[in-house]
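Across the two complexes that follow, chain A remains constant while its partner is chain B and subsequently chain C.
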Partner chain A sequence: MRPTLFLISPLLLFLGCSYLLPFLGIMQLSFTDPSPGLAQYQQVLSDPLTLSVIWRTVRLCLIVTVVSVSCAYVITLLWVRGRPMVRLLTELCIMIPFWISVLSRAFGWLAMLSNRGLLNTWLKDMGLIDSAIQMTRNEFAVVVGMSHYLIPFAVFPLATAMRNVDERVLTAADGMGASRLRVFWQVFVPMTASGVMGAFLLVFVFSIGFYVTPALLGGGQSVLIAELIYLWIFQIPQWGVAAAMSVVLMIAVGGILYLLMRRYGEIAQ
Partner chain B sequence: MVDAAQIEARSIGKKYGNFSALRDVSLTISQGEFLSLLGPSGSGKTTFLTLLGGYDASTSGQFLFEGQDMTKWPAKQRGFGMVFQGFALFPHLTVAENIAFPLKVQKRSKAAIADRVAQMVTMVGLSGHEDKKPRALSGGQQQRVALARALAYEPKVLLLDEPFSALDKNLRGQMQEELRRLHRDLGTTFVFVTHDQEEALALSTRIAIFNHGELQQIDTPDAVYERPSNRFTAEFLGDINILSVDESDNGIAGTPLDLPINAASFRHVAIRPEHMRLAGAGDAIQLPATVRDRVYLGATSRLLLETQAGEELMLYHDNRTSLPVPDPGTQLHVTWAKQDSFAL
Partner chain C sequence: MSRLHPGAIATLLSAIVALFLLMPLIAVVPVSFTSRRYLSLPDGKWSLRHYASLFEDPEWGASLLSSIQVGLLASLCAVILASAFCIGIWMLKPRMAGLMTGFVLLPMVAPPVVSSLTLYFFLNKLSQWNSIIAYDKLGGVVLAHTVMIVPYAVVVIMVALSQLDRRIDLAAQSMGASVPTRVFGVILPNIRFGLIGAFFLCFLLSWDEIGVTLFVTSVETVTLPRRMWMGLRDNVDPAIAALSVLLICVVTLIIVLRAAVHFRQARKGG
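Coming up: the complex of A and B.
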């Protein structure tokens, strides 16, 4: 056996046991439970409810990804290129939420956004609104909660890309008379495109499997795929259908990733 | 060089906190000149170029451009072309787009830009590479793109910050030739930072030598080599023998000699090794010395000698002469023509 293969074999073994085998088990379940055949897949792909949840998941996750990466870009800009004090503050704003559990943060947003939450109370006390604005139990709350959770994950690949930008290239563009806006959009942003793409992929993949945040902030009104799979396992329960759903999700994410990475290759080239 | 001073620097200084990177540098640069800023690292030569380009502000002094005070002008207003160390090309743009960038900033017409880019590509010999990204090019080719981009908008002055430091020796020679040709053809003023003395001697019309943030000397290459104004310049450019002059009798190490200097005002005399040879019977100057070592170099041998006062000397002995190469330990006399030695 080649030495490299030998040296990484513990990792391969671990991944095989903890990931590949269970996944094969799910595959098997999806084709055999309750009876052998493609019935489970047929049910998943023909059920309008399931299809609408899959569509909503992809749509919401794309929105969340765009929101997260855009916010993260501005935050990273402050973190990497701001004055020392701005850097410190930004760093705290990135790291502190990063260390707080996803559950606490979802509850935090509930406290903030619910009908009798901080924001509504404050608006009412200020006399700006008469009755509470519905800000939870809908897609808005899900997007806010998920984006907030995912921003730090987008910050790290972006920070790497921004730190790798050669300062002299920006100086050169400036010296040639380019305005700050032109330097930013035509030089800095393209030079960090690889980081944007990396952040996009990371956040998107992460968001697809989200369970806690959408379940709490969506309040059952905007169910995402992970929550639906949970329902099929624990409430209905029909494990074969849940398994088929997982496989479909897996293939969908894989396909989207493949397309994005092909595009990414073109950008990076 | 009194005519048409295009750029004038008056007592330029730059401080970073308490550290003086540049002190009281005054010089003038004429239209069409090729001026090299030469010095060891940390000598202030790059700092001076950065200030000249307007990429950083001087803490004292004044810059004039064609008689106008440009001290407070930012880089874009000065409009000098700049070739950065490491080239600073736009990695996401092709060769043609890199060269077109400053032209687009100037809002020239599409047709004019295309014409100019084609012209620049041909001028620097990059035809056929227009659509490649910088990373697909060799170091020499990237260098050409940087030159073409800096020259595309016909700047009156081109600044170059150690442009050849990343290139290997052969390529460096080739690029030096091309730079000379460009300078000759364009008539643009070139200001060139280097730490390579041979490069500076070969390329420049004048050389400004920097050390410890101060301008040591500015003159033509032959003048700074043959008549260095101080010990630093003398030692920095090429090899040199520097000997202490006796205060009492205007001689060296106890031997009275006919030197072109007055020991009351100067303490040292300097002679380039290529001007020194082993003395024959008829030579006026005869300085006793002992051979310490010799190195055979083919056409010549390098002899290391020591005077009676213990100072080291070096000379090149011509191996083609009938005189045998002296062995280490031999006591002999060395000589030089009086006009080839100078006071320091």
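Coming up: the complex of A and C.
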């Protein structure tokens, strides 16, 4: 028994020391820095500026989640149920962006949308606009960039759900004279609803703690929670408030993940 | 059956989504050939100056080197720690196995910004004691990356172990093999493809890691994504477009080759 314990313990010790303990330290800071008590949490949950950031984060993340899951549903449909050649092409369109650095992808959107970017140049050349339309440094750019990043993550749970759909049920509905549209809306969509829910929660959890894309495409104009934490650490040092915010974020994400696990637990049973 | 393939509307919508997915990757190509110093399209004359600057500027080379160093070291640490942990769980099946696995997967599910703050706090504390594993030092970045990628190594190795036939290990055990012999002589050779896969995944994740790296480095240890970030944040440097084009080409080549091989195998098999 001893040697196997010797195998398990190094990783537990490593993560205990370098992840769990510091996180407990952060929790301690959230109650003590600068003043002992709940003042930091009070600031997080009552300061109008902070609240407006939280509200913007939740609103944008919900929009991003709906956009990503809808786009992912359409393209997964083709990836799972298309003909072999179509399947191959869709797979490439999903996997190539997935493996490319988040920075390159954000840069790509800057190249596409900025004032001297592709889209504005084309529109000008075609004579549709006189001066450039501002498409970066705002919420639109953040939603576009984040949705683009998160679509592949929504594809995977959806693909699992669509592969699990029993082909015979569809054939039966088809054989009994249901139209294609009806087979899709009344048979296929309800059978993949659990995958949609899973994808929705997964993408929402990923989007809520997201830092890089909103910071680059929002250009400091639409700050989200993660960027606010960064500012509280490196610009206007307020460790206690940043720590309190992190704890709140961790609890929120933990709650959503708990829902996710319970849902999948029910389905597994 | 062919009646139930996706129809014209679904195909059209998918094509729009596919275009959306590929758009930013295509957009970087013309920008990388601009002759100006700022983000713009080349009007008339195309220039390779930004590609040249990638190779001439020693800072890009230094960043490439530190990215490779961090990636190799962090992946090695992660794979060693993860394989020991997974083999231990697999052999012993302790009562708390679920809880322990859940705990080691924590850095993967926690919001990245919370992990970043935690690791920044930890490395700041360590900086008071030593100057090797510390804030803005190579050792510190390796530690932070190891924490972030080790859950992925655990997942890959767990999958590899779940496909391993337990009876091989039982046979070795019944013939009197000690635990080290079972681990090094029986289990590890049998999951070697899982270990290689875990190492590759870890290296890729470390290579792309930016969230935590932003918090734990400033000027001394600058990985490639960190240098890209600097070029994106201050004033958009078209050299990043050139670098992105190169990276996109490599990724696309690997994925297309892989898909082509799979496609041919599937054709032969079917």
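To be clear about the criterion, the second predicted complex is superposed on the first by the 231 of 269 C-alpha atoms of A that agree within 3 Å, B and C clash if a C-alpha of one lies under 4 Å from a C-alpha of the other, contacts with A are read in each partner's own complex, and residues count from 1 in each chain.
Throughout what follows, a residue touches a chain if its C-beta (ideal position, glycine included) is under 8 Å from a C-beta of that chain, and two chains touch if they have at least 3 such contacts.
This structure is a prediction, so every number in the text was calculated from the model and none was measured.
S.K.: Which partner chains sit in contact with A:47 here, chain B, chain C, both or neither? Use first/second/both/neither.
M.R.: neither
S.K.: Considering only touches as defined above, state whether A:253 meets chain B (first), chain C (second), both or neither.
M.R.: The answer is second: A:253 touches chain C but not chain B.
S.K.: Compare chain B and chain C by how many residues of chain A each one touches, and report the one with more.
M.R.: Larger number of chain A residues touched: C.
S.K.: Counting only touches as set out at the top, which of chain B and chain C does A:187 meet: first, second, both, neither?
M.R.: first
S.K.: Looking at A:168, would you say it contacts chain B, chain C, both, or neither? Reply first, second, both or neither.
M.R.: first
S.K.: Would you check which partner chain A:176 touches, where first means chain B only, second means chain C only, and both and neither mean what they say?
M.R.: A:176: touches chain B, not chain C.
S.K.: A:33 in the overlay: touching chain B, chain C, both, or neither? Say first, second, both or neither.
M.R.: A:33 sits against neither chain B nor chain C.
S.K.: Going by the contact definition given at the top, which residues of chain A touch chain B in one complex and chain C in the other?
M.R.: 171, 174
S.K.: Residue numbers of chain C touching chain A in their complex, please.
M.R.: My answer: residues 1, 3-7, 10-11, 13-14, 17-18, 20-28, 30-31, 38-41, 81-82, 84-85, 87-89, 91-92, 94, 100, 103-104, 106-107, 109-122, 125, 143, 146-147, 150, 154, 178-180, 183, 204, 208, 210-211, 214-215, 225, 228-229, 232-233, 236, 240-241, 243-244, 247-248, 251-252, 255-256, 259, 263, 266.
S.K.: Please name which positions on chain B make contact with chain A in the complex.
M.R.: Its residues touching chain A are 53-55, 75-76, 79-80, 82, 84-86, 88-93, 101-102, 105-106, 133, 149, 153.
S.K.: Under the definition above, what is the set of chain A residues touching chain B in their complex?
M.R.: Per the touch definition, chain A meets chain B at residues 166, 168-169, 171-178, 182, 187, 190-191, 193, 269.
S.K.: Where on chain A does chain C make contact in their complex?
M.R.: Residues 1, 3-12, 14-15, 18-23, 25-26, 29, 71-72, 74-75, 77-78, 81-84, 86, 88-97, 99-112, 114, 116-118, 121, 148, 151, 167, 170-171, 174, 180, 183, 205, 208-212, 215-216, 225-226, 229-230, 233, 242-243, 246, 249-250, 253, 257 of chain A touch chain C in their complex.
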